[in-house]
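You will see two complexes here that share subunit A, one where it goes with subunit B and one where it goes with subunit C.
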Partner chain A sequence: MAKPAIELKNITKRFGSKVVANKNVCLSVYKGEILSLLGENGSGKTTLMNIISGIYYPDEGKIFIDGEEVVIRSPKDAFKYKIGMIHQHFKLIDVFSAAQNIVLGLKEEERFDIKTVTAKVKQISEQYGFDIDPNKKIYEMSVSEKQTVEIIKVLYRGADILILDEPTAVLTPQETQKLFAILRRMKEAGKAIIIITHKLHEVLSLSDKVAVLRKGEYIGTVVTAETNEAQLTEMMVGKKISLNINRSLPKDPVDRLAVKNLCCVNAEGVKVLDDISFSARSGEILGIAGIAGSGQRELLEAIAGLQPVQSGDIIYNNPKTGSQDELRGKTPIQIRELGVRLSFVPEDRLGMGLVGNMDIIDNMMLRSYRKGKTMFLERKKPKDLAERIINDLEVVTPSAQTPVRKLSGGNVQKVLVGREIAASPTVLMAAYPVRGLDINSSYAIYNLLNQQKENGVAVIFVGEDLDVLIELCDRILVISSGKVSGIVDGRKADKGEIGLMMTKAGGGSKNEN
Partner chain B sequence: MINTIFAFINAAIIQSIPLLFGATGEIITEKSGNLNLGIPGIMYVGGISGIIGGYLYENSTEHPVAALCIIIPLLSSLIGSMLLALIYSFLTVTLRVNQNVTGLALTTFGIGIGNFFGGSLLSFFGQTGSISLIETGKCFKASLPFADKLGIFGKTFLSFGFLAYLAIIIAIGTSYFLNNTRTGLNLRAVGENPSTADAAGINVTKYKYLSTLIGGAIAGLGGLYFVMDYTGGAWTNNGFGDRGWLAIAIVIFAIWRPTTAIFSSFLFGGLYILCIYIPGLSSSAKELINMLPYVVTILVLVVISMRKKRENQPPESLGLSYFREER
Partner chain C sequence: MKTNEKTIKEPLFHITRRTDIPRLRAWGIRLIAIFSALIVSALVIVTITNYNPVEVYVKMFEGSFGSQRKFFILLQNTAMLLCVSLAVTPAFKMKFWNLGAEGQVLVGGLASAACMFYAKDSMPSWLLILVMLVTSILSGIIWGVLPAIFKAIWRTNESLFTLMMNYVAMQLVSFFIMVWVPNGSSVMGVINQQSECGWLPTIFGQRYSINIIIVALLTVFMFIYLHFSKQGYEISVVGESENTARYVGINVKKVIIRTMIISGAICGLTGFLLVSGTNHTISRELAGGMGFTAIMVAWLAKFEPTMMILTSMFIVFLQKGAGEIATAFRLNESVSDIITGIIIFFIIGSEFFINYKINMRSKQKEAQV
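And then the complex of A and B:
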């Protein structure tokens, strides 16, 4: 039997001493075969691909190309072994033409002869059925065209092993079908293809084999023809783990925030929120589950007034006046004054909401500086607030005058959430508040959210970890590609069921296979 | 009248040469994403290094050889300006210091070096007076032998030393290099999007260093032209004036195209001395006319940002340090 085009044996990669991004991963792909690499966010898929393409170097394990052990230390080495990576974020120069991008960095004849390049690009295009104008500038291209340029780029370099990092995330269904047709043609031409994805139906329709990663661990490889969605989901999300998070029964919940048929379009004209409807009730934690980038961020920002809404309504039932207020069209400040608070913890934690170089007091003032009566800053109240947060939430800091960036991640997040809670909100939106936290800090945050819930606040919690969502939330709203897949009861929810809803194509109806 | 116009054109060309050197050097540098605001300082250093080299040689021999009179100042000028450009590259590329701060500091530093050596070089050797390298100046000023025989045409367009022609050749060569060679393509990629260039296997650090060094060396030649050809081997403190800043303005005016920079330099050179050729101006009117190059630059900036044509924008990562993405 032929040797695999590429084989990984026991690859392990750690970041720092704590984070294990990949653990004992084994993979093999033969020529003329498509392997899907399946896993949730943060399961280590991209890290693994970066190891193959030379961006990271593994701590342990071996890589074989055509049966020979190789060492890949840089992207250059990866080129040498004919490995081509198509990144999720395109690596293209906007002001260059397609042809210029394709030959970038190649060591060929010094004089840049556009005609030969164009001819070779045309030849590759015809062979695999691409439709591209080599002289078109990248900034004039659609997302799908840019992806085509990326694929031609690696083929032009003679790649035999292609890695595609979530190639369909940015494509329309029609474009996806076109891409799959091309991938199948490349497979027939004897290329080995690895495609990273978390869309189950794509895995089943395209690939020959599926390798599954979960939280950095290698779960196993199955042959696509012998598996089904249920089995793959179980491999992906795993068995339920008990966390023992306290959860009280909601006390007389009333609808606080009603979102009706909400649609949003991003700057590229792609629909990021499609007909979202749900309500958040007082005294309840509503969880939002979904693959990263399914529209969670846009949804919260739309409610907070930071994201333009295309159509739909956001109705706020004001407990003070009893009136129903339309939030759409209000400024973020007006919305905040109504008691709708957003604490968003982005991937880099400090990116939104706190200023790293300012101390805790000054960060408190970011929310309250308008309250002063004179043109001078009033530091007394923010200082009291900062000290109260430090005491109540047990923030570990030398003083309230310490710049926020010097605090550890958990303490930064406590400050962020604490500040929003301090304004006694009626709706509290917390996105990824436990991102990157250790267990104790996470529980401190869960307790904070639970306290708010008991005070009658409508809490919206966007989380990554399904186990947490299931144990903390009263109801869980599952979204997939900007659509609502369904709302489940947190007390009865099944992890596999939510997993399936998250990965379902296009969201929407529940009966889709 | 016609003679005045030709004299003006001639003077404008002479004025344009240092500007063109500076602009071409800065274009090469900026194409790598390095916004080197140290160019005015580098041009001063290019000038004074040439002076020092020429002075040491002229002082060391009774009968200076013409070839050495050119080669020694030329080499010392290149070395001087490249040293300064090396400081810039080391600080901004290796240590990732803010480019604007580094550039402004280098300009102050470079002008300081120029004035320090310019003012005290003679006293180091126990001489007095001001620096005047007559022999060297003569060599640099030597024009084409047939220029004199071509009447007013020769006088207006051909009466320059070799550096003037070199400036134009370098500008045209740079244009060809940027647009028609792979190295040029790679360089532009580094300035546009270094992480993409990096992923394509281009050594970003090497490109940034080399383009800044070469760009600095070319800009320094502008200073050399000024002290050797324009003033004929003499140094006056602050004599070079604000021409370095004008060169940077030309880069914007020429929308980062070396061939356009040739004509822009000529235009700016003309505007720079226009007030001398308009008779009967009051001193305040002169100052207003001296402002013209900068006003024009601001207008160009407004126009190109309004038209938003992507090709006419500055290199996308201009002024930014490059970090390779790591977790």
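And then the complex of A and C:
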């Protein structure tokens, strides 16, 4: 029997002493085979691929190429073993042509003979059915064309083992079909292909085998022909775990924030939010579930007035005046001037929610520094607030004058959540508020959100851990590729069902109407 | 488990970022840097000139503190350099790389000179001074705010823009000198030498007292502005993270433009002080590279106005000392520039050792892979 083109045995990679990114992962791919690597975000897929391509070095385990044990210490070594990686974020030089980018970094003489290069690029294109003009400049290319250049780049270097990190995330369905056709042709030409993805239907239509990772652990490999969506979902999300979060019934919920047919387009012109409608009710936690990058960030930022909205409405029902205010097209300041008490814990804590180099007191002022009629800052109240938050939330810090970047992740988050809650909001939005936090800090944050709910705040919670969403939220909005797949009751929700909704092709609409 | 597998060698040394360093230690590193600089300079002095380095250093010191006159010139030059440094500080804190202070000072000076040249003694000196002050500040603002507007609206590169504006300013000065001095010498004489109209008056028996007082007040103002005003706070937020600024609803465009108005205005003011208080004439070398030296002054002081008093004085001290040894020992100016260069190199280099730690490879055998 032939040896696998690449085989991993018991690969383990730790970051620091606590985080285990990969644990005992075993994989093998034969020539002429496509393996899908499936897993949720943070399950260690990219880490594993970075190990194969020489960016990380594993702590334990062995790698075999054609049956021989090898050590891959750098991307150069990976190149030597004919491993080519196509990253999710393209590494191309905009002002160079496709051909120039393809030979960039090669030592051979031919690098300077652009005619030979062009000819070889053309030959590769014809062999696999790429459609590319070698002389076109990168900045004139579409996303799909750029990806083609990346793929030809590794083929040009003679790669036999290709790794594609979420190649379809940036493609339209038609482009995806084209890419798959090419991948199948490569498979026929005897290449070993590993494709990272979390879209189940793609896995099923393209790959021969599926390997599943969950929270860094290797769950197993199954043959695609012998499996189905339900089994893969269960492997991916796992069995239900109980967290014992105390969830009370919402007290007389009323619609506080209604989002209607919201559409957003990002800077690249891709539709990131497509006809999103839902309402957030007072005294209730609305969870938002979805694969990362399905539009969660854009949705919250659109509500907060940070993201331009193409069409649709964001209506706020003011509990004081009873009026209905349109928030769409308003700046954060205008929203506040309307009397909307909207608090927002963004995903990027130190890059958006806080200023890393400023101390806790100055960070407390971020939202309120305009108060007072003089041109000078009033630091007394922020100082009191800082001290209160340090006390109440047990923030571990040398003093209130410590720059927040020096605090640990959990404490940074407490400072941020503490400040947002201190504004006594009527709507509180939190994006991945427990990401990177240890268990205790996570529970502290869950409890804070729960308290806010009990105080009658409409809480919107974007999470990635389905167990937590199911235990914490009253209702869960599931989005997929910028579309609403459905809204489920948190008390009756089933993890597998949510998992399926998250991975639905292009978002579905069967739960609507 | 494994036997003949290759071991992965740890590199000979690797560099890690220090998160925290005690202040005392940081100053210790800086002191060591200055001493090392003096030793290296001494070696250079001995090998190139054969003079006793100690004598050279004494002369260098005398360049600034040799006489009362020299001391006042030190203060005056420090004040001017400090003034430009204060001007660039808010922009740099906002991460707006204003490389155009030179030009902004120059147009400020040009505006003052133009007022003096055309008004002669047609109005009382105090009124002329007022007119000069206003036109200088306005010219500085125009030179500063143009790149800011382009950056705010069209996201142009402010470094290139401000840098190019310097050349425009220089050519403007050349042009006006040519118009004003018809004899073709291209050197503008002292303006209003007889009437002293538009000259800042001498107080406390010293020519430059007013300059020094104004800059001292400005330092206090900038300190308060940056630390205790809402606008100063906005500058810090925008400089740290534009995303955070948007998140809290700061109008980033407005802050960029407003801050460059301040930056340009102070540069224009410096131009006015140089023409009205110090030189009473205009030349292309009015700013004399201060627009760039000021960036170093501000950076060395970590954009802290109070610290800038020290750093600007230190830089001027080095410049004066270099000039002094050049004349005293009949050295080529370049030798003194070499010494100044070495000292500054060491000081800036010491910041690396304050921010980073060098870890050597540990002695014991690396773990088997």
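Keep in mind that, in the parts below, the second predicted complex is superposed on the first by the 493 of 513 C-alpha atoms of A that agree within 3 Å, B and C clash if a C-alpha of one lies under 4 Å from a C-alpha of the other, contacts with A are read in each partner's own complex, and residues count from 1 in each chain.
Everything below uses one rule, namely that a residue touches a chain if its C-beta (ideal position, glycine included) is under 8 Å from a C-beta of that chain, and two chains touch if they have at least 3 such contacts.
Source: prediction; values computed, not measured.
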item	value
First (subunit B), second (subunit C), both or neither touched by A:354	second
Which superposed partner A:106 touches (first subunit B, second subunit C, both, neither)	first
Partner chain in contact with A:270 - subunit B first, subunit C second, else both or neither	neither
Subunit B versus subunit C, judged by how many residues of subunit A each one touches	C
Partner chain(s) touched by A:76 [first = subunit B, second = subunit C, both, neither]	first
Which superposed partner A:137 touches (first subunit B, second subunit C, both, neither)	first
Contacts of A:92 with subunit B and subunit C, given as first, second, both or neither	first
Partner chain(s) touched by A:396 [first = subunit B, second = subunit C, both, neither]	neither
Shared subunit A contacts, counted only where both subunit B and subunit C touch the same residue	none
Touch list for subunit A against partner subunit B, complex	15, 75-76, 79, 87, 91-96, 100, 103-112, 137, 139
Parts of subunit A lying in touch with subunit C, wherever the complex brings them together	57, 69, 71, 73, 304-306, 331-333, 336, 344, 346, 348, 350-358, 362, 365-367, 369-370, 375-377, 406
Residues of subunit C touching subunit A in the complex	5-6, 8, 19-20, 228-231, 233, 236-237, 240-241, 243-244, 246-249, 369
Complex interface listing, subunit B residues touching subunit A	180-186, 188-189, 192-193, 195-202, 310-311, 313, 316, 327
